[in-house]
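Below, chain A partners chain B and then partners chain C, in two separate complexes.
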Partner chain A sequence: MTMRNWIQIFALLMPGLGLILVLIGSVVYIAIAQSFGYYALLGESAFSTEFWSEVFSRKIFSRAVRYSIYIGFWSAVLSVALAYPLAIWLRKPFPGSIGLGALLKAPLLVHGLVAAFLYINVISYNGLLNQTMQGIGIWAEPRRLQNDSNAFGVLLLQVWKNMPFALLVLTGSVQGISDDVLDAARDLGAGPWARFRKIIAPLTMSGMQAAMVIIFIGALADFTFQTTVGPTNRQSMAQLMVSFKSRGDWHSAAVVGVSLMIIALLGSALLALLTRTVMRGSPR
Partner chain B sequence: MAAIGIRNLSKSFDGFQALSKFSLDVQQGEFLTLLGPSGCGKTTLLKIISGFLEPSTGSISIGGEDITHVPPESRDTALCFQSYALFPHLNVLQNLEFGLKQKRVSRDQRDARVSEVAAKLGLETQLSKLPNQLSGGQQQRVSLGRALVMRPSVILFDEPLSNLDAKLRDQVRVEIRRIQQDYSLTAIYVTHDQSEALAMSDRIVVLNDGKIVQVDTPEQLYAQPKTRFVADFIGGANLITGRVCSQTKENLTSVETLMGQIQTSHRINKSSENVELCWRPERAQIGKGPYCGTIVHRAFQGQFTDLILEENDMIFRIQTNNDRFRVGEVITFSILPDDVVVLEADG
Partner chain C sequence: MFKKLFTTAAALGAFMTPLHAGDLSTMSWDEIVAQAKEEGNLTWYVWYLQDDFRRAISSFEDEYGISVKIPDGDNAGNSQKMLAEKDRETGDIDVFAWGYDSFETVELKSLFNSLDKLPKDDGRVSKLAGVDGGDHVLAFWGNQSGIAYDPAKVSEADLPQSIDDFATFWTDHPNKFGFNYEKGGSGPSFYQNVLRNVAGVDFSNGEVSDARIAAVQPGFDFFNKHAANYIITASNVDNINRVSDKELWMAPAWEDHLAGLQNRGEVRKEIKFYIPEMGMNGGGNGVAIPKNAPHPAAAMVFVNWLTSPETQTMFNRDFGTAPMNAAADDSAALVPNEQRAFRQSWGKQPFRSKVEEAFIDNVILER
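This part shows the complex of A and B:
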């Protein structure tokens, strides 16, 4: 290849490269550098590993890591698990399927904060759920449902928000499987679960992995749902990062931020691998 | 007892009658072909037999057992799809084993059956390949093998050769027939290709508008088509209408047509009746004869030459081994009474 070709390729790649290198690269660089003591907003900037050792030694950090992974993992798994049957159901058009598909994807258009406030209104002490449960005689008194300690509210909102995205990705993948292939599996004795497990899941693996990873990363770094409906006795990593920053401790916040990125990267790889192993199974 | 018994089967889709009161018995080890134009109901019938469609009315039995409402995964049938429908993410071995695993056949049995079929179909060296690494013919063989390893009571073929080129089609056609005979399988084969049907079948069911038009052996169907539809659909046919004018003692009937008087040895019930006659292009004997025509078109086909003749505003088709005839020549020919078939009215 001539120099002219190289220049041409470089020029064509510049818009994409510029975005990746300048915008993302600079953020990653600043976060890593700040976590090692550089770019101090107050005081002296110098290389130091003390912020890493200090943050890692704190119990609140390890709890935040575990909690964020819990939210990220289950949000991804539940969203995809719910989206799959819907994607299979909507695979073939039927009267009303377009409207139904649009309705199921509507949460994509609602901001998470709005959804969280709506949810709070529904589950609040004098909210719709408590009124209904009392009205039909199941509960004698209203119950406190907000900020539950198992973060079911956060998971519910994460799934509500992310399932449509998984549905969008999976519908395309599932529609790519020909009727004949599914009929052939059926003809050879495969029931609904075997058809899903051995044909649909492996053939939609890429879509499933993409949905899982993207939802996992988003939910792992959740701040909005956690601060609105999350448990008060736990902090997510994003929440911890913001709390460090609020105290002016940018270096510790950077440590949490870099940790978040590493966990997102490793977690995504592990999740993709796990999905592949579970869905593909052993060949014989 | 018939291997497959179909009784009064009807199927309609949103008011469209795809099959109408269809009844048929298929014998054990028989190769039966469903032949007809697009939309005649042959694939609908195949899907009902395989269980992918439920009939509106009627019943189906295999080996005497009613399977009308049995789902496809529980039927003792195996379907070879037109598109092959191989599982793209599984290699040839895994494709072949798929059904056996579903039926929980033991590992030893599985290996034995797959080895046997792979050897029979010449797939031993392809076992580790993915479907997209195989040629069309090889994919077709895998599809066939996947059905064969199941050792089904009935094997169903849905136009399995339509995606293959002409040469490969001939080759796979022979292979399918050989394997069907080797395993004594009861086979139902769907096609719209009459040459495929004639070459492979023990019996052919000609379908039109969801109804059986004629069921016969290939030879009988070709030589003795019952209706204009069958005569026209199977092979080339010259069709001509005429009026019965006399019957001789030798059981020959003369029919007055635009070609002149044509004699047929086939029975006609009533005299002075208008009838439709059919004769095959290759049955014309060129040379001396009562009929003549001017060649208006000539097409050399290799083994024979197609001649289109015109006489009295009528067009005939004749096939001959002689390639010396040219457009514009006038030729005379005769047709033996045995080769002139009297057709029944369609429908």
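This part shows the complex of A and C:
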């Protein structure tokens, strides 16, 4: 190839590559540089590992890492687990299935913050749930349900928001399986669980992995749900990062940000591997 | 073609470039006002109640014919912008509002214009909460943290005043008191004053050492001992909402915040406010004019208006602030003047930040 060809190929790739390299690359570069003491807003910019050692020594950081992984993992698993039966159910059209599918995907159109505020209104001290439970005589007095320490509220909202996305991805994968394959399995005596485990799951593996990984990354970096309905005795990594930033401590915020990126990358790979191992079983 | 382009660019450039101020230090006040009117507009960076301030400044705009733009932005974002653009020849900020104690963290002389050309007014406040703004900063907003309470649940005679009173209240009425440790300073004001009273730590000394941080431990133990009987809330506004919602009986709050919410009908009017005898922090916010302000004369005239007795009286009436001009009327305040004797200053940095970190690690994360 001539130099002219190379230049032409490079120029054609630039709109896509340029976006990745310039926008994402520059952000990643600055975050990493800032975590090592560069790009200081105030004071001297110089190489230092002090911010890494200081942040890693804080109990709040290790708690935030564990908590964010907990939210990311369970959000992904529960969203996909709920979406699978629905995707299989909606695989073959039936009267009303299009409307039902659209209804199930409606949360995709509602912003998470709106859902979080609605949720607070429902579970607040004088909210709908407390009033109903007292009205039917199950609870004698209102219960404090807001900001629960197990983050069930956050998980509920994450699943509500992400399940439709998993359903969207899995519906396409499940619909791609030919009726002949499933009929053949049925003829050979495979029950519903065996058909799911040996036919549907392996053939929709890519869709499931994609859904798991994308939901995991989003939930891992959750800020909105955590700050509105999350527990007050722990922070998510994104919340911790913003908390450092709001104190003007950009270097520590960058350490948390870079850690978040690394955990998202490693966690996604592990989750994809785990999904493959669980759904396909150990290699024969 | 190029000639046209250059002409257009030059014309645009002329419109985009702010009117360069003459040297204000050689001007009389009348000349500064005349130049301010010529500049015609200014941008005020203030991080809270932006909508209310947009309404409140209309009398300034009517009086001087100078339009005021108030961009949306939070405290951290505004201060980072001010610092980030400090080396630009011409910045975007004409008047910069900040927590008074935050001004202590920067070198005033190198960042802000002198305000000594303002007409003489001995009633203005430049020393507040232990911070001296000198010629560069003036207070425009006085605030006081205290405890918001529901008088239907707690009578005035039973209000906790000391740390022992609070401990008794928590024991007698479990989970009817809550405070925040982030997103707002009312909760931090409460727990820091409890720490000060229990551990006897001097917050007015900003020095950090392991021994000084370790000395706060009895205060952390106090909170941990009573952990089951109080709750941690999400923010300043969450405190007030939960008292208004009758979930909590008492919670820390800012006087001006509560008054503003009550004036707008967003929380119950019956909620009352007091400053406990153990002390809670008070202070306020100040304004300064960055050295690279694009409209320095208009900014100066605006600061003069903002700190005048008339404006401070209006702020007291509409927002419930403590007036920052001695000649202003403070009759609309939520607390009687004698309670203001319990006002404490915010702790000095960096000690205060280290105590806040230690409080999270030793109390919040232990729950």
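Convention: the second predicted complex is superposed on the first by the 282 of 284 C-alpha atoms of A that agree within 3 Å, B and C clash if a C-alpha of one lies under 4 Å from a C-alpha of the other, contacts with A are read in each partner's own complex, and residues count from 1 in each chain.
Here is the rule we use: a residue touches a chain if its C-beta (ideal position, glycine included) is under 8 Å from a C-beta of that chain, and two chains touch if they have at least 3 such contacts.
Quick caveat, the model's predicted, so the values are computed rather than measured.
Q: Using the overlay on chain A, decide if chain B and chain C clash or can fit next to each other.
A: Fit - chain B and chain C, as placed by superposing on chain A, sit side by side.
Q: Just to be sure I read the superposition right, which of the two partners does A:191 touch: chain B = first, chain C = second, or both, or neither?
A: After superposition on chain A, A:191 lies in contact with chain B alone.
Q: Going by the contact rule set out at the top, does A:147 touch chain B (first), chain C (second), both, or neither?
A: Touch status of A:147: second partner only.
Q: In the overlaid three-chain picture, which partner chain does A:104 touch, first (chain B) or second (chain C), both, or neither?
A: After superposition on chain A, A:104 lies in contact with neither partner.
Q: For A:65, decide between first (touching chain B), second (touching chain C), both and neither.
A: Touch partners of A:65: none, neither chain B nor chain C.
Q: Could you look at A:199 and tell me whether it touches chain B, chain C, both or neither (first, second, both, neither)?
A: A:199 sits against chain B, while chain C stays out of touch.
Q: Quick one: angle from chain B through chain A to chain C, Cα centres, nearest 10°?
A: Seen from the centre of chain A, the opening angle is 160 degrees.
Q: Quick one: classify A:178 as touching chain B (first), chain C (second), both or neither.
A: first
Q: Just how close are chain B and chain C at their nearest CA atoms in the overlay, in Å?
A: 48
Q: Can you tell me which positions in chain B touch chain A when the two form their complex?
A: Residues 50-52, 71-74, 77-79, 81-83, 85-89, 94, 97-99, 102-103, 146, 150.
Q: Using the touch definition up top, name the residues of chain C that touch chain A in the complex.
A: Against chain A, chain C makes touches at 74-76, 79-80, 83-84, 175, 180-183, 231-234, 242, 245-247, 353, 357, 360-361, 364-365, 367.
Q: Hey, which residues of chain A end up touching chain B in the complex?
A: These residues of chain A touch chain B: 178, 180-181, 183-191, 194, 198-199, 202-203, 283-284.
Q: List the residues on chain A that touch chain C in their complex, please.
A: Residues in contact with chain C: 41-42, 58-60, 63, 124-126, 142, 144, 147, 149, 227-228, 232-234, 243, 245-248.
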